[in-house]
Amino acid sequence: MEFRRRHLLGLADLEAAEIELILDQAERLKEISSRRIKKVPLLRGRTVVHFFVEPSTRTRLSFELAAKRLSADTVSLSASTSSLTKGETLIDTARNLEAMSPDVIVIRHACSGAPAMLSKVVQSSVINAGDGMHEHPTQGLLDLMTVKEQKGGKDGRIEGLSVSIIGDVAHSRVARSDIHGFTRLGCRVKVFGPATLMPMYVESLGVERAGSMAEAVEDADVIILLRMQRERLTEALIPSLREYAVEFGLNTARLEQAKPDVIIMHPGPLNRGVEITPEVADGPWSVILDQVENGVAVRMALLFLLLGEEES
Amino acid sequence: MEFRRRHLLGLADLEAAEIELILDQAERLKEISSRRIKKVPLLRGRTVVHFFVEPSTRTRLSFELAAKRLSADTVSLSASTSSLTKGETLIDTARNLEAMSPDVIVIRHACSGAPAMLSKVVQSSVINAGDGMHEHPTQGLLDLMTVKEQKGGKDGRIEGLSVSIIGDVAHSRVARSDIHGFTRLGCRVKVFGPATLMPMYVESLGVERAGSMAEAVEDADVIILLRMQRERLTEALIPSLREYAVEFGLNTARLEQAKPDVIIMHPGPLNRGVEITPEVADGPWSVILDQVENGVAVRMALLFLLLGEEES
Amino acid sequence: MEFRRRHLLGLADLEAAEIELILDQAERLKEISSRRIKKVPLLRGRTVVHFFVEPSTRTRLSFELAAKRLSADTVSLSASTSSLTKGETLIDTARNLEAMSPDVIVIRHACSGAPAMLSKVVQSSVINAGDGMHEHPTQGLLDLMTVKEQKGGKDGRIEGLSVSIIGDVAHSRVARSDIHGFTRLGCRVKVFGPATLMPMYVESLGVERAGSMAEAVEDADVIILLRMQRERLTEALIPSLREYAVEFGLNTARLEQAKPDVIIMHPGPLNRGVEITPEVADGPWSVILDQVENGVAVRMALLFLLLGEEES
């Protein structure tokens, strides 16, 4: 099978076989980052623009390293340096970028749908690096890759695994990409969190609501904790971080109810003591740093699939 | 003919033959950006410092891509990260940069004359990427290149063409570089805009004042619209953007008075609905994105001419 | 002798022979920056992360150029772009960086000891690019290299030279690294400055206090002036910059009391008219720009020694 898409806008669009193709490619490329010379010439002379209208550290770094390890040239522009502050429209900025002949535009934007809009006006490939409350598909892919590595059967299948996503599901683009990805690959997905932070029709995405923290934890093979954003406090959606921690935080006491081989994931950055205690974050269940490592591999795979083979 | 300058400070300094040399080189290098592998080793191991004391997106990106496509190494420092905020003088910063052995320093600065001052204290080549209200010579060059491509006769001559520059000519470094460039290559240049935004002795630069918008538009082969800076409002130089748009904005009604094959240019970023309507910006007359594309080529040519041949 | 360390956290840790090894290597690599093609493939495919939590221009640029001239790939994150602003701990940020497989993390941080803490949680090499009021070891090394070049005997020995450090010694990480470095290589080090800006037990570091400006200047082979930080004013540690200049600034009148072949050094950025007059900064005694030039060489040497030979 060949990967025939020009953009990666969300996991909602991808078929299972396409996701598997990306993950297989990521698995093959992952080894490059553990070499002494972490660089292959696959994308030499290609140009990747990182256009981050919302601030980000880990995602931008991960993309930059992915591009550089494939020998692509990278340039980046951020909200503060961009002409957006001079009143230029996003589409005009995009067309301007386009006129400089990039091969890929990696965009993070506070507005849901911004990458999709961009993909309609440019010839370059567009990768969504997180858009508003919509999707964060490369995070979804790295989460899938991590679960496959940790819990995949022979041939790496993760069908039938039980995945619980706990926290502010309503506002989380990570949750949305994870839900699409894990359900597509045949996992059972449960969500749990404060009622004020659950999306209205979450069942329509093919997931179940857990009725309690215990239920969310008990039979999960994988627990994904979401970052509790402090701005939810000012929006009066949760009473306090302390109370959130008591009700929805994962600690070792709660983990005792879980399967012994459960794995704990978190997209980072961690709020230690809020959604996760330090003991859990640093414990043997935690695969949080594997996620970060796989992030580079997944992004290398995407860049390669979107660009590397188009003429060969 | 050989290009024998060490710096590019402004188009006022250049002879017609030098400008033609740069544009010819740009035309030859332009094709690199349309290749799959957009990279040639002409400037491998050379160092280009981008020193942007005034914020910029497109110009910085364009220079960075130009340098990278020639395989040069680039580093950049901006106002906010620079020691200027610690009270260091510009000359001391420049000497410090110099001591790190760059080959080219590309500088944008709010003060007219800053690049010229720099060029006197450093051994590296200095390229002016826009200084105060003085010049923006690479913008002038890309504008010339675009007009040559679009309207040049056989052998690319643009002598005798009529170029109208409309808007805030007094404060515009783009206008100044365009005026020098187009008059040098034999074009007739007219300027038009609010009386408060016309330079006092503009005729001394070899241009005419148009008496009305109609006159500026009617017999022009090329119309260059300038960006209306919002800060002119607070300076009480124009009553409102809305009134500016009515009097000096280019719309399709006004374009009907123009030659059928007129081309419309704008240095960006666009104020849609102010100096240009969306219909004009996106219409068949518009060569605004060609300008951006040519920007990379012109900057590649300059870097190459300033550095590439010095010892060969 | 081989360099067997994985990190460079401070000069206090290094033996004289190790310092000499770095400086010899720097002397060999320095010549690369004066070539037309300033690039060697020694660290091709290695990844250097520049993690600057405190702002910096010259140090960051110097490290970036050092890495690029050795063909390493570089990425950088700064305080403003980093997740630290989202409440992530430094250790979590470090572990995240680590998971992306960098070879070296170059860190500048406002907290003394941050690089040492990092070095305990990551596998990568850590280079201290300045931590709080603790050390700035690459500055110390470039200062040593400059003195060896300027004043070293045959075989480059600087033993027995008299070095005076003048200014805000108490708050200066440069002073601390210089004191360790120069005493380790056998120099006599004197310090002088306002009593409020002298460390309490400075003699325990093996240096003398000069009793007057005259005494600090008179028999010095090397005078190192420290930058007077404006924030000391608000802390009421000095009455005014003007008075500081009168009492502790170096001017040509004071230099007449000095040895005729004294050299003047300053870590930059200069406060002209405060700790140093323009005549002194730009005079024949000044080796300030040599320091900057040697900075790139010293950083290349370090990167090479920490990484380049580990498996060969």
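In this document, chain identifiers A, B and C correspond to the written order of the chains, with residue numbering beginning at 1 in each.
The rule is short, and it goes like this: contacts are C-beta pairs under 8 Å (C-beta built on N, C-alpha and C of every residue); 3 or more make two chains touch, one makes a residue touch a chain.
Only a predicted model underlies this, so the values are computations on that prediction, with no experimental measurement involved.
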What is the shape of the graph in which nodes denote protein chains and edges denote touching chain pairs (line, ring, star, complete, other)? complete
If I list every residue number at the interface of subunit B and subunit C, are over half of them used by both copies, so same, or under half, so different? different
So how far apart, in whole Å, are subunit B and subunit C when each is placed at the average of its C-alpha atoms? 40
Which residues does subunit B have that touch at least 2 chains other than itself? none
Give every residue of subunit A touching subunit B within the complex, in rising order. 44-47, 49, 73, 75, 77, 80-83, 85-89, 92-93, 95-101, 311
Hey, which residues of subunit B end up touching subunit A in the complex? 33-39, 55-58, 60-62, 64-65, 68-69, 78, 230, 268-272, 289-290, 292-293, 295-296
